[in-house]
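Note that chain A is present in both complexes that follow, paired respectively with chain B and with chain C.
Coming up: the complex of A and B.
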């Protein structure tokens, strides 16, 4: 077969023995054999491209599927859940009228190759998932992980990623309401860029991806199709980076256009409101291939497409290029024939291309013609739903026993008050704990005027309805070190932290989205970590009574044989009846009581202190008590409602010391602290025991708060008072750190290292 | 005078939103016969007079590759205007 001859179904029938590059496209021998069985012939080039994309790890979840089933099996039943796993994004009801959809997704590999565009298109992609559910996107968040702050490649990757996240979010006009940034050498060759978007919709506007209604028209909406990231999914997202990756073999990257995305948002919402679309699907990682096969499989099962109608940006594109292209800012709409003219006209008014490219049929086959010649004729569900499912081997890593006994509790600790004082300052200046405003200031956090809390608060909080004041809080948290020590506990610690961060604002947690970042699934040790982490999240969500509504899995995050720490990133969404009653960060006003809710044990293994001061990672992570977290969340939501707290702050990395540093730096107050009698000052300040919150209680409310804690069996310990005349952090009988010294340590570190 | 011109263009397969915007605006001028617009940048660099041609060439390549262009998504060419005349 000559290379310029179209590989049609007829040609495939006639040339059964044609050698095909399935291995280069990432398909295994048995997978290729199965494709031939499904089709009863060899696949055409276009079909081969489609199977290789849809059966890749990224699209088919072939290694993770058997484990992810746990979410469905263990998810608590809740009437709030309107759409769950398997949809573009989960949808939860807020009240009788409003619903919210949110999802977190990874764009790790593209962001390493081209940090700015990789991160930008990550944000663009997750926003389209939100649109596809019928929602107006209202905010984004980002969870970022890089190598060491002072590594030269971090100076390339970090500013690029931050610029990309900011560029896309700012241009499209969505506030960035928070997230996290973590540095660890394990992410040196594999930075993690996880983006979350949240949208709001009237409940009746919920959309589906079904291509239903025989004779309905398939309309491609948005940007032209070019050679963006062709093969990106199968090559970019499913291949480990080789050390000697040279520039010529660099996969092509996609460039997004946020202004087109903004038009897509407005156009789609108008089409939804006018009731003009039957089904809608975004074009994401696998382009038309994925959108066509998923909508067809979810609907009547049959679809006919004339591929030459797709508007192209580049010349010389073959059918398989068009099917595989990852050009950004495109959506696929299913429209009744009577409405097609109106849809095209409305899209034109928004300055968007809209093209009828096919129709829904009753053939049960997805048929793609190119200038009248059939290049694809497949059962769509064989692409979308019936991809390979692997039960990958699982093996507990051999080093876990050794790691568990290498406890951080045995490390040398600062002994004198002066040493502890210095440790507070050194920790505050460490990359993971220092002020992140160099990053967050590049993001618009307040566009729309509905942002109530953004970075650096524990959770982002946005108002949904000006009349009722109802709002949502979201937090995005992960801890790869804890998950490395124990993936089950580590995943639950992240879940508990995100849950608590939402609760600390006064909101009630109602739903979860997760982004699971792991190494190669072909490594049994990685698979073991994955299975344990998923089980931890599923068990945790069942206990907390909040469902996992969706998310994504990112495998192959490794360079050579070195995998990243297993890094499940958990997004928890909460609802608050009136955002005016949210609890802020800070120290309230002079005379308010500072207290700690929750118990402090000697738990230093996996802590920020062990890592920042000793480069140590070993031992057993802190205990998780989800029942305690639920009582704590119930308490905080009650106290927010009765306005009996003037401030609150979650204790996590860096323990009480860091929580105090941040509270002082975010308020005009000083903190006058007396550590409890008999407590070891170092442990009390730096332990990372879970389930603790620093609260600030207005004068006169101490007894009420104490009794509310006691009713729920929660330990509350008064620590001191907020005082405008105290300069910075005063720990009585121990040490003083003036505000100027504290801020000098905590602020400006990132900008200073990156040379700006 | 050692004067070097670096031209930077997005690779052909990469979307150029700026070019697309210009293309989209052309019909408003009554121009309807344009198929494609691609926008790049031109950078003019002047070296100290004492530099040798070889050093200028080598450093220009480094400057273009490491700072002016993003080789992942852009191509560049380095040229020395008037080189023929010299």
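Coming up: the complex of A and C.
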């Protein structure tokens, strides 16, 4: 076959022995054989491209599927869940009228190759998932992980990623309401960029991806299709970076245009409200291939597309290029013939391209013609739903026993009060605990005027309805070190932290989305970590009574044989009846009581202290008690409703010491603290026992709060008082750190290291 | 009848809803104006909100200055219609030559979002007359291209005429002479980079100082009606 001849179905029939580059496209021998069985012939070039993309790890979840089933099996039943796993994003009911959809997704590999565009298109992609459910996106969050802060490559990756997240979100007009930034050498060659978006919709506006209604028209909305990201899914996201990678073979990362995305949002919402679309799907990874096969498979099963109608922005594109292109800012709508003119007119009003490219049929086949010649003729479900399923080998890592006995509790500790004082300062200045405003100041946090709490609060909180005051809180948390020590417990600790962070604002947690970042699934040790983490999340969510509504898996986060720490990032969504009752970060007013809820054990393994001060990672992570977390959340939501707390702050990395530092720096007040008698000051300040919250109680409410704790079996320990006349942090009989010294340590670190 | 304040939506406008909320909370009636419609719907004043008008791949606000609606706004402003431009709206007013000077990339080259402390330098404008002279206000400033520049003669003239409306107390972007906002000579057109419309509720903003801008335009319109 000559290379410039169109590889049609007819040609494929006539040339069964044509050698095809399936291996280069990432397909295994048996997968190629199966494609030939499904089609009863060899695939055309276009079909081969489509199968290679849809059957890639990224699109088919072939290695993770058997484990992810646990979420469906273990999810608690809740009438709130309106759409769950398998949809573009999970949808949960907030009240009788409103629903919320949210999802977290990774864009790790592209962000390493081209930090700004990689991160930007990660944000753009997750926003389109939210639109596809019929929702108006109302906020974004980002969970970022980089190598060491002072590594030269971090100075390349971090500013680009932050600029990308910021630029896209700022231009599209979504407030960034929080997230996390973590530094660890394990992410040096594999930074993690996980983006979350949340949207709100009237319940009756919920959309589906079904291409239903024979004769209905398939309309492509948004940007022109170009050469960007071709093969990005199958090659970029599904192959490990080799140590000596040949960069010529690396395809380009997609380029985002947030202005077009903004137009897409407004135009799609108008189409939904006017009832003009039957089904809608975003074009993300795998572009048209994915959108056509998924909508067809979910609907009548048949679709006919004339590919030459797709508006192109590059010359010389072959049919398989058009099908594989990952050009951003595109959506596919299914429209009744009578409404097509209206849809095109509304798109024109927003200055957006809209083109009818095909129709829904009753053939049960996805047929794609190119200038009248058929280049694709496949059963769509074979692409969308019937990809390969792997039962990858699983093996417990050999070093687990050694790691478990290498406990951080045996490390040398600061012994004098002066040493402890210095440790508080050193920890506050460490990359993972220091002030992140160099990053968060690059994000718009207030557009829409509904952001009640943003960074650096424990969770972001936005108002959904100005009339009723109903709102949502979201937190995004991960802890790769704990998951490295024990992926089951580590995943549950992240879940518990995100759950608690939401509860700390006074909101009630109702749903979960997860982004599972792991190394190569071909490594049995990685698969073991994955299975343990998924089981931990599924078991945890069942116990907490909140469902996993969707998420994303990112494998192959490794360079050579070195995988990242297993890093499940958990997003928890909560609801609050009246955002005016939220509990902020800080210290309240002078004379308010500062107290600690929850018990402190000697739990230092995997802690920020062990890592920051000793570069140590070993031992057993802190215990998780999800029943305790539920009682704590119940308490906080009750006390928020009765306005019996003036401030609250979750204890996590860095323990009580860091929580106090942040409360002092944020509030502009001083904290006058007396550590409990008999407690070891170092352990009390730096242990990372879970299930603890620093609370600030207005004068006169101490007894009521104490009794509310006791009713729920929660330990409450008074620690001191908030005091405007105290300069910074005063720990009685031990040490003082003035505000100036505290802020000098905590603030400005990131900009200073990056040379700004 | 309450004052009708038109809020222009360009395709890439982002703060139009926030502007409408501020107008409503301030006691006026927001009226939606579409960039491509050649009508001002008999509004009493116009608010150009923040955002990215037409994507702003060119200079910010450059394309917007040629829009249908800006043609009308330019004419009406010449006849004394009060016009406020915030952030991108300020950029559009400068590009439309309704205000002197230009907004260029922040000196530190990054987008930065931080509450800005400002001093109200003149109350002799349609949009600041309700403040006491020298009042300090806090509005969020969030932009990548908000550094105000003009030639020295223009800056001197602005100072002399009292056309500098807001000045930064902690200059966040390298703006010349700490200028955050300026007015035209007549005082009916005002532009500023920080966002008064994001400082109208204690729950969501760093202050409620922004309500003074709406109170000012209402007083200005009342006074005009009484004359």
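Keep this in mind: the second predicted complex is superposed on the first by the 754 of 756 C-alpha atoms of A that agree within 3 Å, B and C clash if a C-alpha of one lies under 4 Å from a C-alpha of the other, contacts with A are read in each partner's own complex, and residues count from 1 in each chain.
What we mean here is this: a residue touches a chain if its C-beta (ideal position, glycine included) is under 8 Å from a C-beta of that chain, and two chains touch if they have at least 3 such contacts.
Here the structure is a predicted model, which means the values were calculated and not measured.
Once the two complexes are laid over each other on the shared chain, residue contacts for A:441 go to chain C alone; chain B is not touched.
In the superposed pair of complexes, A:52 makes contact with neither chain B nor chain C. By the touch criterion stated above, A:259 is placed in contact with chain B and with chain C alike. When the two complexes are overlaid on their common chain A, residue A:328 makes contact with chain B while staying clear of chain C. Once the two complexes are laid over each other on the shared chain, residue contacts for A:225 go to neither chain B nor chain C. Looking at the superposed arrangement, the partner reaching more residues of chain A, out of chain B and chain C, is C.
Applying the stated contact rule after C-alpha superposition, one finds that A:559 touches neither chain B nor chain C. Judged by the touch definition given at the top, the superposed model places A:313 against chain B, while chain C stays out of reach. When the two structures are aligned on the shared chain, A:351 is found in touch with chain B and with chain C. Common to the chain B and chain C contact sets on chain A are residues 257, 259-260, 351. The residues of chain C lying in touch with chain A in their complex are 11-12, 14-15, 17-18, 21, 36, 50-52, 54-57, 108, 110-114, 140, 142, 144, 195, 197-198, 200-201, 203-205. On the chain B side of its complex with chain A, the touching residues are 10-17, 20-21, 24, 70-73.
The part of chain A that touches chain B in the complex is made up of residues 113-114, 117, 223, 226-228, 230, 247, 250, 252-257, 259-260, 313-314, 327-328, 351.
Here chain A touches chain C in the complex through residues 163, 166-167, 170-171, 173, 257-260, 262-263, 266, 349-351, 440-452, 463, 466, 579-580, 756, going by the rule given at the top.
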